């Protein structure tokens, strides 16, 4: 969800299913902003974070640019300036407003962007209802792609607004309070996998992004992998043991990052006189020991693994785990929770899918035989295959229909603001 | 208006006058925001710029902190967190939110800040009406000081929001369109002053800031000074003559600044296919040749003067001019104009007061015998007497009751976002 | 050669062989500085570059710290301050002088460092001759390690001094002029490899670094790989075709790097009125079309591959090529050349080993089952397994006894100052 | 001495005097480098610092460019590349090597620069002996100017090499140990001056720089000024009293500078377990309480003055003091000392001239009626009249024939690496 990988394997829905899906995704996006004021939605705290308002417009620009304008006769463009303002990085489509300056744009106002959303939704609705059969064959996969694209931005919208709101001394909680049952936790158990020549990557049915392709063979040595993500309580032991002061535990780049940014704990933890607190989208509250540690950079994850005598799993190991333990954890909007929930304190395996994204030790690279698709929607597919690290599994901000065992997320190793956590491997 | 110089010579108003003045200033501040949405008022474009919202709260915090809390019995503080958020640089009063991060605070919302304003205005109103005589003697000068402080922030609010709105490709105009009569301009005439031992600085009656004191003697050699500020047409000749490419015209620091920031014209000028345009608070419009050139750094002013064969006037020369030619130009809200207006195209002298601030060549230094007043309100009076350059006269954003011939404004030589222009001197 | 990987598989030489090897390596290091003055050896042009003087001392510090001090009775430390100055990153050994400030140290002078070298060489010589049998078993592998460590620094010394000298408008040539036969080049031919389950990594005999271990299985799909590196002539076609202006060819990070640093050609190319020139350690001379393109970042290599319709090979593919085509190219000091030489212009395969390092598309990661060795010499082995990309093969600055098919070099993708080039793969 | 102000009032010497002076200045420059190795002379520690080697070449370039090339028939330019490398900022003369990259040039070597010096000295000697009468009238003032220019660079050479050598943990001492008699110090006494209309600036005889002109009138109020500079013992009281922690004492820019650079004491002080030490060009030694505090920024000077209940003197006040107390302190090479010496511990006035430069509170501005001279030698005279603060008096590194009561030195307020100290004023 770092960057929408816009090329994909075509997939066809019937018109009613497509429309329901489109309406559902669009409505859910707006519902995520219910607790926000226009001023909240204006702010950009770092270049990686986009204002909420920008997300609302950008996902709409996608539908307008790739579907409404090319396919709907007499479509009236909402505002010709929006192409410049709300294009993200599709350089083939044209020039764009600088990414790091998105927070400098007060105009268009939030209210105008809502009008833009309605305008484009009407156009897409008309197309779904009235497009000719031959057009429909082209439009349907684009609508599906646009829905997946918007799903990605739903997650980014949540992680970005969390970063924005967290800046305040007394940060706003856009979602209501939630109850958390105390959980004593339990020993971290391990699952064992034998060596084998596996098949990796997506099967040729259903919607997938191009970076999940092609399906290919890999040799995998035997490995063990933890039955659940690492908990706050476990991470706290690492911290209390001087983990952030011991250079021997850290990757060289990680130690430099820690020093330069004076990192002393996970992103949203705060030390108070009454103990550790954590800011979540439900407010500031005491740290829950039994919950998965979250908002962790890959550097922190690797240092923890070193301290714990293990290692981060590789990308194929995490995919195998997801395939063989398909039960799923908490995903977007489940129980109206927007924070990873209670860990199961037993040895019973907890799924990779849901809860927190889990850092692999693998760089984000092309699969053997990968080819980037043609055209603007596929423009940047391979562009990010440098300097990023793969995460697997999906988080509490990932839509259920957006995640699967072969899904590849990727971020730079220093990224903390996603819902990212740790699963351990051993050999 | 760079920084409120908060110590001053005491001055007494009767209660009715004081109340009228207080109400008037407060209402005018709000009226300046009529054309703005909450999103406009959220944004901070550079550390020197504060969000409109912050200005609205900060000037209110001043009245609350220095008047309502110490003097009004049973005063209910509006929100104890505001002291931290809206203190500017009074370190004696306590810790403060980082200046460059003001735009990161979405909360309190604009609507809450309006409530804050009403709450404090009620308290101050009560005090004006009901304070004992002995309290009144202490309160009255503080209310006057607070009004002057708010005047300073009215000007900053206008220059800051102008900077914010100017970022957009198609910038919003908070004030309505204005008509400008074309003006052919005329030769720049000069006024002559003979040598003399002058008295400089403020007289001991009326409100003045401490940096205007004490009144002292200076020897002034004979000089000539232009009868009006430099016009856009004249500045355009400098630009068209390669002024921005000729290092010989520039101060060493100025040339380095120009190169590093790729400065090629005044801050709000834009070159278009149909000629030069200028962004004003009334919108983007063709550059008016007969208007004073505006939003000029001291470096640009000095380079222009060098090109024109003159020099910038010194601070005492500008004060003498203001005293001997007291007629005034355009000040805050005159004719609902928020941009310096038409220059008189004849040799008839145009006053220093109003229109644009005029850069002197003088560094901002203490007058002989200057002593900073005690206490928090005077805390920072002398703190800025390093690295800044004096401007004189007041601009179209300066309140009439806030300016006088001895008023000293000061900014770093690279500041462009104030309404600053050029008057030339010769010997 | 990016960073000495100091743990390794033990390997035993007899005393005479060990001594000859030690003397040979030490003498060769000094011979590389014959064309340099003390002032040349003082300069540091960027944090990644160390002064020649520092290399001369650091490799000596290694022998003193890990061998002379622990094993030679009554060893007289040369200067107790040198531990602080010439430690590189062995944090377990103690504090160290900041890497980016190495060029700020004029003292010790070059002459003193030569004395330091002699002093330590005498001590090591004494140990080789006189150590007891049990000590010898411990010392012999450390001497071998120290020689390999010094080999790494021989290469860095050459690439660093090249960077230093290249800064001048008319750069100094430390080595004499060389003749280059013109070469018309020829079509780039490809070698074909079938799919297989390979063994990868080092065998358990002979000296190897820990990062080459353990030997493990990998599945490798069929691939094709070019029979020689890309030539200057081929790279020039890419450049002339607008390769540096076409964002579609570049990785996202690569495009940002190019823009930020205004990169327009390989590091040491210079455009002159009479055509392209290249600075080599033999001086500035016309670009040789038939030579391998050199001093290329991984970003440039990837963009070229995209333009050419191919891709960079993966790390296992390059290892397979090295194993199956073991003939070698030009290595350190061959024919007194310090620049990659003439390419064979036919389809006959040219070895990976020698000439230029070849960028793989693979991130630098641990092999399955890898464990960092204990102790200070192994301290940082795994520390760099993040944010770096693997290169294979060795260059014209790599010692013959230092390179092998399983050797893993690694640098950040933006590094240009090594002798790095391009080999293409296809499927 | 910040920047050579190259225009001046003409002054004529006879040929023998001129030659003696030229030879003397040139020889003294070289004698200052006796304790240095080529490596010392190569290093640049910050943009403001030039390598010793560069100073040696630049002052020679001045004589070659402005005298030898235009006036000596058949003069053979030493090396045409030197104009580019050793021009400082005379943009009219041509392009120049970047100031901050001077330390990157190993070539020409120090030995070549010595040859350059001899070559140009021969040419100038020939000209002094053989120039025609009409040429001599033009050459003589240029030789004098060149000697003054070299005097300025003698001081910069000393302050720059001190900065270079100070970087080492155990810094080299280029000059031999000196004895310092302990001095108990004494109360700081004050001298009183009455109000008057003074004449300020240079008289029209003898050599002066253009920035000392024209002589003009100023009104000066009565003032008191300390009879000697502030001592290390007095400054230590300020430090021990928490002076570096108390924001109320500091100018706003000064406090920001202190925070950003973590300044905690004068530049060359070092806190050790046995007390404060100071690095001087004679080595690291215990801080001498009775010596003038030295290597102080204007910010530190102003904070000390605030703490001491005084203020810094203005520029005219320091000039008056120099005129009325003409006895002089320690100047360049006196007793082979290169550090300000013992303070007189009594109320007897100590001269401004010599010892340490004394910060005034005055910005560096043009005198009334100032006009920059024409031509390249005068190119930059007024260029620095922005953002700098005046110092008066000369230091232990200032030549006797180079300083006078009207001499104006200037540096940015944050500069610490000059021999700058504090004299206090009161009213």
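Note that the chains are named A, B, C and D in the order they appear, and that numbering of residues resets to 1 at the start of each chain.
Everything below uses one rule, namely that contacts are C-beta pairs under 8 Å (C-beta built on N, C-alpha and C of every residue); 3 or more make two chains touch, one makes a residue touch a chain.
Please read these numbers as outputs of a predicted model, since none were measured by experiment.
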Chain whose average C-alpha position is farthest from chain D's own: A
Chain B and chain C: spacing of chain centres that average the CA atoms, whole Å: 60
Inter-chain centre distance, chain B versus chain D - centres from mean C-alpha coordinates, in Å: 38
Centre distance in Å when chain A and chain B are each reduced to the mean of their C-alpha atoms: 47
Touching pairs among all chains present in the structure: A-B, A-C, B-D, C-D
Residues of chain A defined as touching chain C within the complex: 89, 91-92, 197, 216-219, 221, 247-248, 250-254, 298-299, 302, 311, 314, 361-363, 365-366, 368-369, 379-380, 382-387, 389, 413, 427
Residues on chain C engaged by chain D in the complex (per definition of touch): 37-43, 45, 53, 81, 84-85, 97, 101, 103-107, 109-110, 164-165, 167-170, 172
